[in-house]
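A quick write-up on the structure given underneath.
The chains carry the letters A, B, C, D, E and F, assigned in the order they are written, with residues numbered from 1 in each.
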Amino acid sequence: MLHTINTSPFESPAMEECIRFVQPGDPVLFIENGVYAVQNGNRFSDAIAALQKTSPVYALQPDLDARGISSVDAEVKGIGYDGFVDLVEAHQVNSWL
Amino acid sequence: MLHTINTSPFESPAMEECIRFVQPGDPVLFIENGVYAVQNGNRFSDAIAALQKTSPVYALQPDLDARGISSVDAEVKGIGYDGFVDLVEAHQVNSWL
Amino acid sequence: MDDNVKKIMHVMRRAPHGSIYTYEGLEMILIMAAYEQDLSVAFIGDGVYALKKNQNTDGISMKGFAKTFMALDGYDVEKLYVDRVSLEERGLTEDDLLVDVELLDSAEIGRRMTEQDVVIHH
Amino acid sequence: MDDNVKKIMHVMRRAPHGSIYTYEGLEMILIMAAYEQDLSVAFIGDGVYALKKNQNTDGISMKGFAKTFMALDGYDVEKLYVDRVSLEERGLTEDDLLVDVELLDSAEIGRRMTEQDVVIHH
Amino acid sequence: MRGTALPGFSATILNSEKVKIGILLKEGPYNHQAADTAYKFAEAAIKKGHTVDAVFLYNDGVINATNLTDPPQDDRNIAARWSEMAKEHGVEILACIAASKRRGITDDLMIEGGSITGLGTLTDIAIRNDRLLTFGD
Amino acid sequence: MRGTALPGFSATILNSEKVKIGILLKEGPYNHQAADTAYKFAEAAIKKGHTVDAVFLYNDGVINATNLTDPPQDDRNIAARWSEMAKEHGVEILACIAASKRRGITDDLMIEGGSITGLGTLTDIAIRNDRLLTFGD
């Protein structure tokens, strides 16, 4: 199951809540304001590193670019809308609005 | 200056941000989902107690009632819309949306 | 199980009255119940407030709907899960809730989420 | 000071692009600037992201507006305050910002807030 | 409580003074409580003899002003309520034109007592009133 | 990346299978990015040969379907974009009737290719598609 998070972790508990429920192996994709979570060196970098031990973590590249985020946490994979589609092809989706 | 907070502290950083900026003596009024902050015995009770050392704290009674909150932190004053108006008569307003 | 019966989980995540998501979410659940799908409802984060007893919305001139959750049983929506952590950090217990629910750990709710065909957050 | 000149502070609190509040807030500031009021703009919480360098919105098909903050100076809106704590906890420094701002402690911004006739959060 | 000055540490209101109030409403009806709180506040202020000069609708707030609003019969009609307040108490209901265009709100849709205007009008409201209150989410 | 299966720990997609997708959109245009992300996603899915069956508009999402939307010339027209997608790719654009009534969205306002319907239709969409994606805020 693919989990998407679209709100800033500074502004919403969505990421924190999602992480509590996500099952090992399930991919997590950050979109929209959610991508602030993976900016390198912020307050949530440890949480992202912990999440990556069990889940692959993606961020929507167009949303990173729109927000001027060029430096993301290690091993976070930037993907386009077509990569988003590929993930949806492979997984049911759980959008943590 | 009257500060109003209308979002749940579990869902938004508004209360935490407001508290960082509020000046000693300035009243704080919780409205809408903001009133969950003053429910007795939740995770934010210490923060409310600390705030009360320098600021009078109010909560909109109709919003407390709507959410079934009958037990609020000590010395939090429940007021109606007319009490809200009285506070606005006395103070400029800063709404932490 | 019939191919046309889908496992659909509704996740209530917002406090009531401050926004309409919980209320319109409940309207959606009631309609879907008529289609005899395999429905469940999870209450997570501020979503647990939807089930708080003694809500009286007269003073804000809005329709109350907390009691509609009590009617879900009559629509055969019987799988109501409440996230234990969410309830506890809000200083609430099962006694504060209007309806009988299964109090579950986050990991268990997470497992049930992965079994779903559709998950809708409100 | 002229009785008809009001001290008005705009408080940017949301990240750009995820919602329109920052953009429509900026439109409001630009109009108010033409009325020769005593304007200031504070960036608090996710609001500091509005000033981040190198925003490129082509990929999301939305208009970028970060550079409009650079034009505020030309409208005599010169009081731009950034909350130091908000910037730091986001792993950003002044070098990451598009425009020259005053980096202030929360208490100092709070003091300036109380001097205002009007405070509008966006 | 009713009719008496509220405590608060700054005790500037032993004698009640009437104030002139502008309201900025930033969310649409029903989806957020902001429109309800703004209305209940305005109603209470008017009852106490204060003046509510105008309600300026911004962001999704402009959706408050469409006369096509048609809620269930047992629910409040938020648009109609603003319209009545405009007629009975002279409260101007003003929707920002740029915000309205983005959301498909036009002159033809305006509730009675509502109109579309520019952000300059909001600036006037901020200048000419004792208070400007913001409601949103 | 393009055209190849994404890694992810569960490697179920070595051979690309086409899926049928329904979209639930819960926020209005411009005010939140949800409508933009939903559109860009749908566009990419169609390009890759998947089927986007329907976009169901709920909550403030119904405001996506008004033909009165009139953004600045240099901005995207979100309503028109949905309308074109409906015409070119047969994507149904459906606004929930109860949500529409609360927000003043009527049959007369519908973009070409858009229509008003009930929540039963959303249930059908959930049943008949391989995926139901939610976009909101």
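General remarks:
Note that in this section a contact is a pair of C-beta atoms (placed from the backbone, for glycine too) under 8 Å apart; a residue touches a chain by one contact, two chains touch by 3 or more.
Because the structure is a prediction, the values reported are computed rather than measured.
The chains in contact with chain C as well as with chain D are A, B, E, F.
For the pair chain A and chain B, chains touching both partners: C, D.
Comparing chain pairs A-D and D-E, the larger number of C-beta contacts belongs to A-D. On a Cα centroid basis, the chain most remote from chain E in this structure is A. Averaged C-alpha coordinates put the centre of chain A at 26 Å from the centre of chain C. If you average the CA atoms of chain D and of chain F, the two centres end up 33 Å from each other.
Centre to centre, using the average C-alpha position, chain A and chain E are separated by 39 Å.
Between the Cα centres of chain B and chain E there is a gap of 22 Å. With touch defined as above, residues shared between interfaces to two or more other chains in chain F number as follows: 26, 30-31, 33, 37, 40, 59, 98, 102, 132, 134, 136-137. Shared interface positions of chain A, defined as residues touching 2 or more other chains, are 6-7, 10-11, 13, 26, 32-33, 62, 80, 92-93, 95, 97. Annotation for chain C: residues 17-20, 45, 60, 62, 117-118, 121 touch two or more other chains. Inter-chain contacts occur between A-B, A-C, A-D, A-F, B-C, B-D, B-E, C-E, C-F, D-E, D-F, E-F. On the chain B side of its complex with chain C, the touching residues are 6-8, 10-11, 32-33, 36, 39-43, 45, 61-63, 65-70, 80. Interface residues of chain A, counted against chain F in their complex, comprise 6-7, 25-27, 31-33, 55-56, 62, 79-93, 95, 97. Note for the complex: chain D touches chain F at residues 17-20, 60-63.
By the touch criterion stated above, chain A contacts chain B in their complex at residues 10-13. Within the complex formed with chain D, the residues of chain B that make contact are 1, 13-14, 17, 20-23, 26, 92-97.
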